[in-house]
Amino acid sequence: MPAEAGGPTVTRIGVIGTGVMGADHARLLTEAVSGARVGGVFDVDGGRARGVAAASGGARVFADPYALIVDDGIDAVLIASSDATHEDYVLACVAAGKPVLCEKPLAPTVEACSRIVEAETEHGSRLITVGFMRRFDPGYTGMRALLTAGEIGAPLLMHNVHRNPAAVPGLPGSALITNSAVHELDIVRWLFGEEIVEVAVHTPRPSGQAGGTRDPQLLVLTTESGVLADVEIFANARYGYEVRCELVGETGTVTVDAPPPTSLRRGGLHARALPGDWRPRFAEAYRLELQDWIDGAAGGASAWDGFAATFVAHACVAALTSGDRHAVDLPPVPALYRR
Amino acid sequence: MPAEAGGPTVTRIGVIGTGVMGADHARLLTEAVSGARVGGVFDVDGGRARGVAAASGGARVFADPYALIVDDGIDAVLIASSDATHEDYVLACVAAGKPVLCEKPLAPTVEACSRIVEAETEHGSRLITVGFMRRFDPGYTGMRALLTAGEIGAPLLMHNVHRNPAAVPGLPGSALITNSAVHELDIVRWLFGEEIVEVAVHTPRPSGQAGGTRDPQLLVLTTESGVLADVEIFANARYGYEVRCELVGETGTVTVDAPPPTSLRRGGLHARALPGDWRPRFAEAYRLELQDWIDGAAGGASAWDGFAATFVAHACVAALTSGDRHAVDLPPVPALYRR
Amino acid sequence: MPAEAGGPTVTRIGVIGTGVMGADHARLLTEAVSGARVGGVFDVDGGRARGVAAASGGARVFADPYALIVDDGIDAVLIASSDATHEDYVLACVAAGKPVLCEKPLAPTVEACSRIVEAETEHGSRLITVGFMRRFDPGYTGMRALLTAGEIGAPLLMHNVHRNPAAVPGLPGSALITNSAVHELDIVRWLFGEEIVEVAVHTPRPSGQAGGTRDPQLLVLTTESGVLADVEIFANARYGYEVRCELVGETGTVTVDAPPPTSLRRGGLHARALPGDWRPRFAEAYRLELQDWIDGAAGGASAWDGFAATFVAHACVAALTSGDRHAVDLPPVPALYRR
Amino acid sequence: MPAEAGGPTVTRIGVIGTGVMGADHARLLTEAVSGARVGGVFDVDGGRARGVAAASGGARVFADPYALIVDDGIDAVLIASSDATHEDYVLACVAAGKPVLCEKPLAPTVEACSRIVEAETEHGSRLITVGFMRRFDPGYTGMRALLTAGEIGAPLLMHNVHRNPAAVPGLPGSALITNSAVHELDIVRWLFGEEIVEVAVHTPRPSGQAGGTRDPQLLVLTTESGVLADVEIFANARYGYEVRCELVGETGTVTVDAPPPTSLRRGGLHARALPGDWRPRFAEAYRLELQDWIDGAAGGASAWDGFAATFVAHACVAALTSGDRHAVDLPPVPALYRR
């Protein structure tokens, strides 16, 4: 199709980290998001970066991520590199005054997250978005709309299931919380608009398929107003990827299960296929998250949300270790993040 | 239809207690069970007893339950009177050497259950069946068959939901455990063929619809081999009656939800109706339970099962009160009950 | 369990034909129906008859079906022998003045059905029930209750699916109508309480799995008031047995699909098992049909219903052959069968 | 978010007709499609055009649709005006050599469609896409993928349901075919990659809710290879909007029903909401259709597909009138459209 050069403004995104997540984001920015394009790419693996740059309509490849961040041809930055590198890149974006979308977790430690929040607070306006994409998933937004509309009365309980088919053997049990359950920690905070104040973790005997990991686990979270949310996190569930939840209110419940549009009758079964991993399950959430970010609509998680999720996750890790209930004493919310 | 008198042997059942449950049992014995009939009826409300006797093909009405138990025209006894009366009637049946099906709970206290177990042990053979009808529900038996067949691998977790639309205002929170969750306590023991060794109870803020009762609650049970089972018990769920569970194994899961055979599209919804209470949900389980009992097939719960369910329930009540995990130290199983 | 001899009246059933259906009926009468027992058994295969008699608590084995029918120890007769034998046995039951439950079809030809109706009309009271067990299936009775309650408005359309995994190779296409679709013909008449007045049959290319049979077929039926019902009949559907329908009214629809109480997550699928044949699907319908018959509740199909189903089936066979719409000109309903 | 001017090529779309469909397309082009923007707008209602232009980032408003079509600032044209105007606008686009996406139907008459095909054939390359958006619906594409992968064997039957809550009173019965069922006519051709060669239409008595329209209808279509597809088209179904189908193959079936990601338990029901009209049901299909068109990926329906759909629709209208089966004698496919 013939097309002009020029036209409306297009935001040029610099992508740092072009593994599975980064490459997927670059593809969406190029093919499925309005008003954006990939302007630059950095990856520790230069070949991988060049491949993604080529697939993104000829984006520039940077040898230095900090050069990418400050480059005049880059309007905003998407960070999908390894967790340990998030802090430095995010801080550089803040220093450069550039909007940044950082994949979850914001940073692996509470201290690192805290430094990021401080930097943004000092900067004085919000530049950081954390990639908790479930906030854009039609299932979760539908659930929140039903709750807000009063369709199930005041919330009391929430049951969450989060299963992956397989994890790396030898993964520490804490990683199930900090890498996976962190999504539910964010969703609970977002859904109820309040903080988690107490956590406990129960564990069955570990699965023989879990390669020594303390897997599965059952988290029990209590919010400020007394809503109780349990989370089954199971990293080696084998049968497929599945994220489901049921929210129980005083007069009804909402379930998010996101069945696919087709079902199959074959071989004695009537079946719906389950996704193999999180990407097909949350494809629409990622697209909407990026569009929202490009549009500047601010529907995403803030640096404070990223800090709080990591803070609660570490309380859960402590509860996993001790077997006891742990109080979660979050510091007060800085003014920048108050609604 | 013309019919002979005489023919095959028919077991004559004496029904003690003809409230909702007792009247339902009498109806099933009369209309839907092979080889049985109601031979005698007792109720503290004589008019109610006479009504059920008339509906049962002219059964005799007894003014004294103990006279019913020892009567030569009564082959076996079904107890559906108030919980507090169970012990005396069951002990009288044992003394008379008559088979007895006692509605759950076997008795309200651990001590009373213990006395029943002792009496039967002294008697030396099994006469007592406890009415945990879920053991005959096609959903639960189907789940156990799939587990046993290895379809989901070794069990790890079980999530249970048990909701009633409404409870009596002012009901103590402990009654949710001893009256309702006791079904799940029995099912967990039956399904895994092992004892519950630790319990904890978490509670959200109570529902504003619960009239002051600590409702809902989340029980967390651990079995001998380390299977973790959680149970949401919600006595004032308003929207309907619902019993569901998902059993999670190392390679798959089984869900019991028992959808009705019809669904309705109307008014913007595609819906399946939920039952109003437990009777339609477990109608088939009750019929199969009674047929199994009449056939002497011994598929039902024993006095020991009744004792153990009450024992674990009281540990859960203690955990509800303390907020801590409680160990469950069941005494050893008497030889009479070993498989 | 100890039991008396004597007690209430028990109807003694003579079972003619102890193949799959007859043996199943005998088992239900012995084990799951109140007030009945198998009194006598006949089969052309004497060994098969003896086996069923033994499993039925020691019923007598008859060498002559007509001797069984007139025997004083037989109160009523159940016919599950081959279709071609139905007429003679049913007529003998009428001559003997004995109630008879005849498996569908009442007889293979319109003429034979007509002779049976005439014989019963001359007898002057109803003795014959035809085994259209779907009239007792909780799915179909639930659908009818919703229709009658006005939940979907006046009926307009009905879509039916009737699939078997495999049929005998070389089966004539007409047999799909007379053996299988005849169930839907009866259900349409029963559900709407009116006759089918026009039929048409459409056929795709036959399945390569159908061994030369004209399979599947699509029947299109019109009732007196103008309701349109289509029926997919597919005898070699391979994947399992399935009977489903959707009834479309002016303001909503009811679907009967009868999902099993459990679902399985395994190997990338969330699935419910489909039955292998009609027996598990309609187990409850058969039990309720027999109980209704034993109770003399007259909920079953009459000889006229059996005649009408065969009459319409033959009109469908003619439509299959011609490819045109065919009017169905049923004779007037004899007074004996008017409601 | 700060953004550059310039950057990658952006296709400037002229939108003709800004009613419900045109406004929705303009919104998607502006907010959710990569590489496009609305460059110009025409509507017979100038105020409506100005509103959509403003919401599209300040697109130009044209007073003359033909001026829009030939304008140098318009790269491609989207036609969503009334059906009767399609032919003139599409022919003008072909004359101007501009790509055009025309909402279905391509034109209301076979003759008009034929003139369009001829014009494009003379032009010598394909410029026209017809807006049969279901070809992009994840349900339908998923079904086709399963069919192509051999998951259900060779196709035999397809059952389609297409229901709208309400239509304009007095709508002629033929409009149900030409406006609504035309989607299924296209899907059948697309799915099986072959033509429909015979059609028949059955009708029940009309719904009392249909204001005199012959509604609902049951179309029965036969394809070249003998696949049989039935289509229930019901324009006044009242309860909601619903599009569903089941494709039956020799060894299994695929169902497209597209359940929403949430379900609600409330008021005695477990329910999923049905959409109120086609827009939420096919939102993703419309977005993907537009992205495919902008990308020049040619996944959409051709002018020939538009011609064939109208041709078959008119054969169905004839069959509705006559009550007989009608052969569909499509002319040969011009070389331009052969695969």
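All chains are identified by letter, namely A, B, C and D, in their written order; residue positions are counted from 1 within each chain.
The rule is short, and it goes like this: contacts are C-beta pairs under 8 Å (C-beta built on N, C-alpha and C of every residue); 3 or more make two chains touch, one makes a residue touch a chain.
Model, not experiment: these values are computed from the prediction.
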- Item | More contacts between chains, A-D or C-D | A-D
- Computed over C-alpha atoms, the centroid farthest from that of chain C is that of chain A
- Query: When the C-alpha atoms of chain C and chain D are each averaged to a single point, how far apart are the two points in Å?
  - Reply: 44
- Item | Inter-chain centre distance, chain B versus chain D - centres from mean C-alpha coordinates, in Å | 56
- Task: Measure off the straight-line distance from the CA centroid of chain A to the CA centroid of chain D, and report it in whole Å.
- Result: 36
- Note on the structure: Expected list for chain C, residues touching two or more other chains, is 239, 251-253, 259, 265-267
- Task: Over in the complex, which chain A residues touch chain B? Could you list them?
- Result: 153-154, 156-157, 159, 161, 200, 202-205, 207-209, 216, 218, 220, 222, 225-228, 230, 232, 234, 237-239, 246, 248, 250-253, 323, 325
- For the complex, which residues does chain A have touching chain C? 239-240, 242, 259, 265-274, 276
- Touch list for chain D against partner chain A, complex: 1-12, 30-37, 57, 73, 75-76, 99, 137-139, 142-143, 146, 151-152, 251-267, 284, 291, 293-296
